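Okay, so chain A shows up in both of these, paired with chain B first and chain C after.
Up next, the complex of A and B:
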């Protein structure tokens, strides 16, 4: 299996109080990888490390099979990046901005840029300073897609955009991905948006990777189990216990690595299940964060 | 309403409508939801024999799902003999015998009834309550 992004023991101390610690990322080639985490988790810092904008204090980074920072020119030629706060010269027109961007990338596809310009209904002769926020969001996606990159790194690409623009931007991204074997690394705190799009998720909190798994495993493997009677105390469980809470009606467990047949384990251990509840990505995300924080505390 | 057109050969302008019930939060995987919706469309005649399914690119963009999800849905339909995939040409609805279509419709009906029963039972409604409502709504409702 080859990876578009791989880090080992990545470490970066941003301040006295915040650091990226022991970060091991493995983003498969061809994946649409959702890099999730609350605000301040270190998502943008990690992305800046991956693309050589910050120098790590330890660990190794490989992007598109090449080493960072040694091979950055080759990597950046094949990687499309939309930063959290992208910069474009406001006095350029849309078409000028496209030509300007094109000059930096040998792989830039002007015909495709034209097609996207039409699809996004962007005004080609308008100055950027007069574009709406939504139009700017579309323009950034246009520029990065027309590069025809092997890897797209998108830092909160739809943050602050209205739902219609978000849809348009995501649709264009997906149309691109279905025709190219590109890898997409997309950071967001908007969990719902990524739920239907991503096939892998990584969850970052307080500079640490809390979980990394295929979306299917995330959605099917994490359950909230309401118990009528808790099983006898034991450390031997066929699943991973993420958290347990004692409530009025009985205990509630959140488990990871769940399979339906594990119901039998509960009765075997003298427990009684009232309900096995599916968690969506957002619920699962919140539960994993809570558990990671209580372990860390 | 179509979000926007990627090219003018898009025949399935109802694609967005057709899949508006796709729910990423459901425990049923997205690919299975898409496959199921298409299966029903074939069974009810909404998609006629020979009709072409949208390309992976079109459907992924319209429904906003991972292209691999669409590929998986199409593969399942092909395996079940509902569609034919022709290299380079696209994916087409096969001519299904009426008994098979009836069986598919029945399958979907059972699924609907099951989810109705589950919801009713969670709310504490009895079969009697449902039966009365059924009679009233399907009888003189006029809708």
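Up next, the complex of A and C:
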């Protein structure tokens, strides 16, 4: 199995109150990996570490099979990065920004950039300082897609964009991925946005990776189970117990890795299931976060 | 490499063209102002020539300040586009960091040459527009070379400070603050010695790095 991004024991202390702790990430080549987490979880910091913009205080990072920061220029030649906030030079026009960007990438596809310029309906002669937030987001996406990268790292690429622009940006991303076997690492706190595009998901909270799993498992494997009677033996379970709340009418469990056949385990262990409820992605995300925080506390 | 340099140069020109053009205009105008006193020079006697020379030199004395201004402005402008963007875009480009810094340095140095070129043009026109008495000569090329060296020296110092780490910048600020504080302390103790003056002397007298700003900046000399 080859990985586009791998970190081992990654540590970075940003301040007295926040640090990335022993982060082990594994993003398979060709995956569209959603990096989920609430605001302030450390997503942007992690991305900056992956791309060599920050120096880690410990651990190892490999991107596209090369080491960070040793092989950074080679990595960056094959990686496109859309930062959370635009940092392009505001005094350039759209076409000038494209030409500037193209000068640094041998693989830059000028014809594709022109095609995207039309598709995104971007005004080529407009100064970047006069672009709207949506146009700026589209320009960033244009620049990295025209690089023809093997890895795309997108930090909240659609945050603050209106639904039309968001759809344009995500459509272009998916079209690119369908044409090329590129890996996409996309961070967001918008759970439903990632649901549509990602096949893997990693959940970060307070600088720690809380969960990492295929999106399918995230969508279907997390259930809320209302119990009339809790099973007696709860140490050896065929699923992972995320949280457990006792109420007046019985207990409510949130479990991960659930499969319908596991109902039998409950009856065998003396439990009684009243209802197995599907959690939507956002509820699953919240439950996983809550469980991680209670474990941390 | 050439394509990168061309693009960085063009982008930097767009970012800093207004101050560069203004400084170039100043560079062009100063030598012309210096010969303003040259009208009717042939008819002036020895005393008149001396007065004219004094006027010309007083204008020429502004040139080191212009060189200082160009160097400081170019030094700050060379790094400010990336600094404004917290270097996020620059650091995402696939070039080794020393190479990117070198690109920025070369581009800033190139733009700081524009006022020098304007100065040369102004000095040449000024030299040609006046009939100098015997024994007096115009030195437009020497003046321009001096101006260029002064500009590039100041530019290099400011550029180095601008790209330095926060720690190095704080250290520099700390040293300057320490020197000033030492002076205040010495004054309070009634000691007749100025550390600031000593440091300035060390910097501005040969072989101090700023000694190029001193000496004669006259366009016309014997």
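Quick notes on this structure:
Methods note: the second predicted complex is superposed on the first by the 296 of 297 C-alpha atoms of A that agree within 3 Å, B and C clash if a C-alpha of one lies under 4 Å from a C-alpha of the other, contacts with A are read in each partner's own complex, and residues count from 1 in each chain.
Basically, a contact is a pair of C-beta atoms (placed from the backbone, for glycine too) under 8 Å apart; a residue touches a chain by one contact, two chains touch by 3 or more.
The model shown is predicted, which means the values in this text are computed figures rather than measured ones.
With chain A as the common reference, chain B sits beside chain C without any clash. Vertex at the C-alpha centre of chain A, arms toward the centres of chain B and chain C: the angle is 130 degrees, rounded to a multiple of 10. By the touch criterion defined above, A:246 lies against neither chain B nor chain C after alignment on the C-alpha atoms of chain A. Judged by the touch definition given at the top, the superposed model places A:60 against neither chain B nor chain C. Looking at the shared chain after the overlay, A:14 reaches neither chain B nor chain C. Contacts of A:103 after superposition on the shared chain: chain C is touched, whereas chain B is not. Once the two complexes are laid over each other on the shared chain, residue contacts for A:73 go to chain C alone; chain B is not touched. Once the two complexes are overlaid on the shared chain, A:88 sits against chain C while remaining clear of chain B.
Smallest inter-chain Cα distance, chain B versus chain C, after superposition on the shared chain: 26 Å. The part of chain A that touches chain C in the complex is made up of residues 51-53, 72-77, 81, 83, 85, 87-89, 91-92, 96, 99-100, 103-105.
Every residue of chain A that touches chain B in the complex is listed here, in rising order: 32, 119-121, 167-168, 170-172, 174-175, 177-179, 192, 195-199, 216, 219-220, 278, 280-281. Residues 3-4, 6-8, 10-11, 14-15, 81, 85-89, 91-96 of chain C are the ones that touch chain A when the two sit in their complex. Contacts from chain B toward chain A in the complex involve residues 3-6, 22, 24-25, 27, 29-30, 55-58, 60-70.
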